[in-house]
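Here is the structure we will look at.
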Amino acid sequence: MDFPFIKEALSQLFSKPSCQMYVPDKTKEGAPNYRGRIVFHPDKCINCMMCERVCSGNAITHVIEKTPEGDDKVTRTFYLGSCTFCATCMDFCGHGAIEFTRDYHMIATKEEDLMVSGTFIKKAPVKKAPAAKPAAPAPAAAPAPAEGGKVIKPRDDGKPVQVPSKCVYCTICAKKCPAGALEVDRANKTWKLDEDNCVGCGTCAEACPKKAILMPGDEPVTEAAPAAPAAAPAPKAEEKAAPAGAMISPREDGKPVQVPSKCVYCTICAKKCPAGALEVDRANKTWTLDEDNCVGCGTCAEACPKKAILMPGDEPVPADAPAAAPAPKAAAPAAPAPKKEEPAPAPKAEEKPAEPPKPVQPRDDGRPVQDPSKCIYCTICARKCPVGALEVDRTAKTWKLDEDVCIGCGNCYEVCPKKAILL
Amino acid sequence: MFKKLIEESTGKSPWLFHINAGSCNGCDIELVSVLTPRYDAERLGFKLAGSPRHADIVVVTGPITQQSLPRVLRSIEQVPDPKCIVTMGSCPQSGNVFRGSYSVAGPLSKYVHVDVDVAGCTPKPEAVIDGLYLATQILQEKRKGMKK
Amino acid sequence: MNFLNPQHFPIFAIMLYFLGAFLIVLFGKNRAARNCIAFLATGLALTLMILLVKPIMIDGGIIAYWMGSRVPAGGYAIGIALEVDALGLFFGLLIATAVFVSCLYSFSYMSEDDNEPQYYTLFLMLCGGVMGLVLSGDLFNMFIMVEILTFAAVALTAFRNRVTGALEAAFKYLVVGCIGSTCILAGTIILYQQAHTLNLAQLATIIPLCKGTNVSIAFALLFIGFCTKAFIVPFHPLAADAHGAAPAPVSVLISGVLTKSGIYGIIRLAYFLFQTMNLGTMQFWLVFLGSVSMFVCVTMALAQHDFKRLLAFHSISQIGYVLTAIGLATALGASAGLYHAMNHTLFKGLLFLTAGAVLHETGTTDLGKLGGLSKKMPHTTVLFLIGAASISGIPPFNGFASKWLIYQAAYEKAAETGNIGFAFVTIVALVTSTLTLASFVKVTQSVFFGQLPKECENAKEVSFGMRFAMGILAVLCTVTGLFPNLVQTYLTGPAAKTLFHVTRYINAMLGEGYAESAMGASAPEAATRTIEIVGVWNPVNWLALLMIALLAICIVAIASKYDAVRENKSEKVEAKYSLFYGGEDTVFSQVGGGDLFWGFKHNWRHYFSFMHDLHSGIVNDYSLWAVIALALAMVYALIVL
Amino acid sequence: MILDALKTLIYVLIFPGFLFCFLTGLLLAGIDRKLVARMQKRVGPPILQPFYDFFKLCGKQTIVPAAANKTVFLVAPLLGLAALVVLQLFIPVFQFQIPAFANVADLIVILYLLLIPAVSIILGGASTGSPYAGIGLSREMVTVLACELPLVLVLLSVGRSVGVAIGAKEGITFSLSTIVRYQLESGSLICKASLIPAAIAFLLVIPGETGNHPFDAAEAETEICEGMLAEYSGAPLGVYKLSHAIKMLTMTSLFVMLFFGGIGTGIGNLVALIGLTGGAAAAVTMLLDVLVLFVLCVIVTAVGISFVHAVTARLKIEQIFKYYWTVVSALALLSLVLVWYGL
Amino acid sequence: MITLNYIASFFLIVLGLYCIVMKYNLVKTVIGLSIMDYGVNLLIITIGYNPGGTAPIFTAGELQAASYFVDPIPQALTLTSIVIGACVTAMSLSLVMKLKEMYGTLDTREIRRLRG
């Protein structure tokens, strides 16, 4: 029979009660990121209805009326009485139209006080040729047969449209689509959009490496070159040895082709290939392409430091570049093909400033050499080397280069704070 | 001569009766936390009553399940006038995430006139105190309107 | 030989009963004649008793009536005498009222039973026997009357032999009753052998002088004999069985009258014949027996499931009170004891009559099967509540007045003698009174309140005759409760004083100065004992104050519309007015009988299981207890006297 | 005759009677609730909260359940309240004892008068017929049973010790006024060594008798929905709550009278200093005494009821019974034995 | 010689009690009762015995001072006691008959519905 709280009871009798003395007033606010009353910014909303889809308490409803000039007048209401305040809609709303304030005074005597709503006008697309306004045709099952010179316009109901000519059916858009509304079949080259599932978020357009998907708001694209017919010709035998003769021209079935003379077998292309279709063996200098795996995305061509891979659309390159180390000494390589604006990996070392001759002679085979006098063994060059060819030991003050690993990319040269490396 | 005194004290000593109609106990804990030292609703006269006969304010939590519907309605019926019905959280107000399920008998307002709803999926204790305070004012109006 | 001379009233009273019994046998066939004979017999006897109050109680006279006017010759009393002093009259009055009321009650209660004439003959025989016992001045005459009342009681217990246990109870009562009677006979004979006389007064002069083994054995035998009649502890299961089975008016007689006759016998024995009450050990014996029976029987009552058995155990515990009070051997103690005896007859009679009414209406007295009768039988409920309030000592009623006096007496005795034992007696008495209240709360909840079961649906109010009888007792209960000092001065005071004036008793019987001459020095002192009360209790003032306060509160309540209540108008119970079952639909769930007082029973579970096994219900066990009690009494008497 | 009838009326209705009990009782209940809250670090309701509760309940609708017996249902609370108010009359306030009520009841009678409110609650509960009430009244009865033994022991030991001290012929006195008068002369009884266990025992009995927190199994609102009061609503419920508050007042003032009897007079002489004489002095003394009584009652409530309420948890009914009949009774018995053998 | 009577009556009483207490048969209990009763009757008679006294029967004329009688009062008492004994036996046997009919057995251990 023990009484645990005697001491506390007595001491508390004379101490101040721990009470917030809360008296009902509307001004008090919740904690900093408290999810209280919802505030809806109708202007930002694009009526993608993502929020409605994810709301567990299906508290969000919307009503669409047609305005006289044909636009959609959408009023979206948030019924706080059925909301669990989990803010999933806020997370899913790509455009920040939903915001949870810190006001927790949601006392209502009638139901209307709990309705938060906002209306906005959703513009119909400005110019539309009368015929061309597809009344949300049946999903474009197969890419419209590419007749020459046809103009591909973005659709007006917010759904993506495919530019068959550019599309390489790499199925990245299908994988990225959150709503799983896209089916792309690489084998028989079909691109199918599921109208009602598609939320028009635009993720596929962004992910598409070839920019073959147009979203409302992009400029229409005219089919430049006659698109390669859907049915790809029989896969070319992978040419091992460069055809004797003067020129190596890019293949027309969209697959990369190697320029053996320029290639230094640095295996970067193999590493970068998203589909893993390339095998490059440094030892016995072989470069094999796996036809059916290759998606023709062109990533290898871009990643190749030596521009030894040609993609359709590049100019043919003379096969007989000197077999020996092609890289001209300090001269920048040929200007790269016109680049898309996609973020290219760190710009290759084009702006290599000419290095005044030092007592230490830069090597001739394009690999870096260290100037011991300036080197402070800070190991940044080792760290920056993309292929890990440098070993620098601060304490033992050693700087060792692994020739066959080094690809001569020049990173170490660039990052060396003391300019102790010469290329 | 007691009339004015009675009306005034009706507002000052509201007794709560808590009915859990299938709630996830989030609101139940929050309701009881209102009586803890930190928020101390007892300073405004609130007290949990044991039986509906003693209650003035009936606090309903949870989406009225089929099983609990007749019991909830019977308990509310047994509360003497003047009485107030407060629904706490979203569940009694709309069935919240459970709406449309075979076992949920829909919002309480379908069966009984709800005086005050404290929204929020587990409303903050301060919000609960606001709601109850509003309920006591409604109680006073009801008492004025009622001839003994 | 004019009949209005009070001298003849005692013999008339006794004769009236036996004459009534005899006439009923003759004319018993039609009901009206039988009822009127019985009514006349009991009514006249009661009036005679009331008439006797003035000469004996107020003027303090003693009537000595020699049968056949055989006045004692040559110092030896030959004839049989009736001696009525204040004590005898007090008990006689008590018996007459109880008998009269239960006779009124049985007119309508026994109307359905088949052989009614036999019932009334036995009934009046029993009354005659008891009246004879109480008024007679001759020891063997008392034995004869004891036998008559035992037979009548046994026969009446077995009257409704269809009732389960009636025959069994009657047989057990007969066996142990006869053991008791035989002990009384043996005791009387041994006393005769010593004093060669059977007259109480003469015995009172001879017996105290000759101290010897014979006298103490006679005392033990007589004491145990009268204990069986009074159902003191070792013999209490008899009463429990007998009441359980007997019809209600008979239980009134058994508990109200028979037990009192046993107590009367013990008083005559201890105070008059052997004059041993001034011995400390003697007082201890009586007080110990009283407290044990008080406590044991009240705890047994708490564990009962049958209404009548519960009441039976209570009557024995109240007899324990009376015995304790008388055992204190102080003037206040004796008067408190007698006062409680009277009150006990009144409220116990009332309670048994209400039990009879419940049995009459619902056909069962099992506490588990009854409930909610207050709606069907409102008058019986009110009467029951008055009875229950008075037995458990709620202030305005009579139970409280007498119990309060008993506590005073016990505690004063403790204060005088400095022996803490008597203080514990007071404490046991107080706790027993609360236990009585507890068991009557149990009965109230199980029988009259709570919910009405299906079986008792068609119960309706009992006939007016029964309610009138109960009404008389209820009024008497309240009146005696409100004026304790009146009762004190006129009834119990003189009766208590006679206990200490044995010489006046002897002289009245055998002529003046006989006692002094016969007993010389050791004549019992004739000092008059005054009764003064330490505490203060003025029920009339208290009730007046209560009424004022109640009136004031009611006026305020009515003014603020206290009774503007909302109740269920339609016959189907709306949800608003149904009971709160946590929201469930109303289900029949009567809380009563065994479910109550779990806290108390759990703490005392070993005691209760032991007591339950002790009362095994086998005749042999009860007889064994009787024999053991006899042996112990003899050993104690040999040591003490 | 009419004059003293009017005086009695005033005594019953105004001063020590109904109005006085109503105000001080509810005030005491308010203080008790506030203290308990403060001990739990809460702010607690305003002191006048019981008044608000009472008048709110008066304003509410009274529902008589169909299964209830209407007359008993409505009359039982009033009866309990009236009995309690009358009981309060007999408890003297230090010297002040209304002569008319001096010889109406003594200690043992007060012990029994305390039973009437308990019986009225039990009758009220039984009349509703609800099973909760059934269980409630069984527990209430066991609690009353439990409190009876120690209460008797304490009263007997006090009566005995004062009786011996003033040399009463029978060596015992039961009248409360003599006990208080004795304490006025020779100091309050709490200082007598032999009576300290009795005082402690009485202090422990107070929460049990009034049915306060640790011993309120009978009206446990969590387990059996306020036991007997489960079916009560509106004014009858208000009256029961009022009588519960007044019972707290009665028990504490009984404790003060029995054990702190002597304190009041000190204040009394103070009045003589001020120089008031005659009727005015008596009135002022009486007022001061009443004030002292109330302050002492509050202290006793604080120690006996509020502190115990804040610190302990509700006991099961059989634990209550065992607790009272072993621990508290042993204490009281100790003091009875000490008093008996002349300490 | 007279002491033999006392011993006999004592023995009879004890035998009667033994029979009531130990025997589990109703009829045997009744027999025990009557034996005990006879014991007491014997006791009453022996108490009234005056050695050498004659039977107390006489007509009015014969009473002289010299006649020496046995004490007549105990004999009167014995008469009533015998009558009472007979009544007891009669009633208990009728009860036993009814009990046998109602309970179907004479064993006292079965006849215990009222207990506790």
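Order as written gives the chain letters A, B, C, D and E; numbering starts at 1 within each chain.
Quick note on the criterion: contacts are C-beta pairs under 8 Å (C-beta built on N, C-alpha and C of every residue); 3 or more make two chains touch, one makes a residue touch a chain.
Keep in mind that this is a model prediction, so the values were computed, not measured.
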| item | value |
| --- | --- |
| Chain C and chain B - chains in contact with each | D |
| Of all other chains, the one whose Cα centre sits farthest from chain E | A |
| Chain closest to the middle [Cα centroid of all protein chains] | D |
| Pair with more cross-chain C-beta pairs in contact, given C-E and C-D | C-D |
| Chain located farthest away, centre of chain D as origin (C-alpha) | A |
| Centroid spacing, where centroids are CA-atom means, of chain C and chain E in whole angstrom | 30 |
| Computed distance of Cα centres, chain D from chain B, in Å | 36 |
| Distance from the mean Cα position of chain E to that of chain B, given in whole angstrom | 83 |
| Chain A: positions in contact with at least two other chains | 17-19, 21 |
| Numbers and ranges of chain C residues touching at least 2 other chains | 560, 564, 566, 576, 578, 580, 582 |
| Contact graph of the chains (line, ring, star, complete, other) | other |
| All chain pairs that touch each other | A-B, A-D, B-C, B-D, C-D, C-E |
| Chain C partner contacts - residues on chain B that touch it in the complex | 2, 19, 51-53, 68, 70-75, 77-78, 80, 148 |
| Of all residues in chain D, those that touch chain A in their complex | 35, 37-44, 307, 310-312 |
| Complex contact set, residues of chain D against chain C | 8-9, 12-13, 17-18, 58, 61-67, 69-70, 72, 74, 78-79, 81-83, 85-86, 89, 100-101, 103-109, 111-113, 115-116, 119, 122-123, 126-135, 137-139, 141-142, 144-146, 148-149, 152-153, 156, 159-160, 163, 168, 170-175, 217, 225, 230-231, 234-236, 316-318, 320-322, 325, 336-337, 340 |
| Residue numbers on chain D that touch chain B, as the complex places them | 37, 40-46, 49, 51-56, 58-63, 132, 220-222, 225-226, 229-234, 237 |
| Contact footprint of chain A on chain B as seen in their complex | 37-40, 43, 90, 93-97, 99, 109, 115-121, 123-124, 126-127, 129-131, 133-134, 138 |
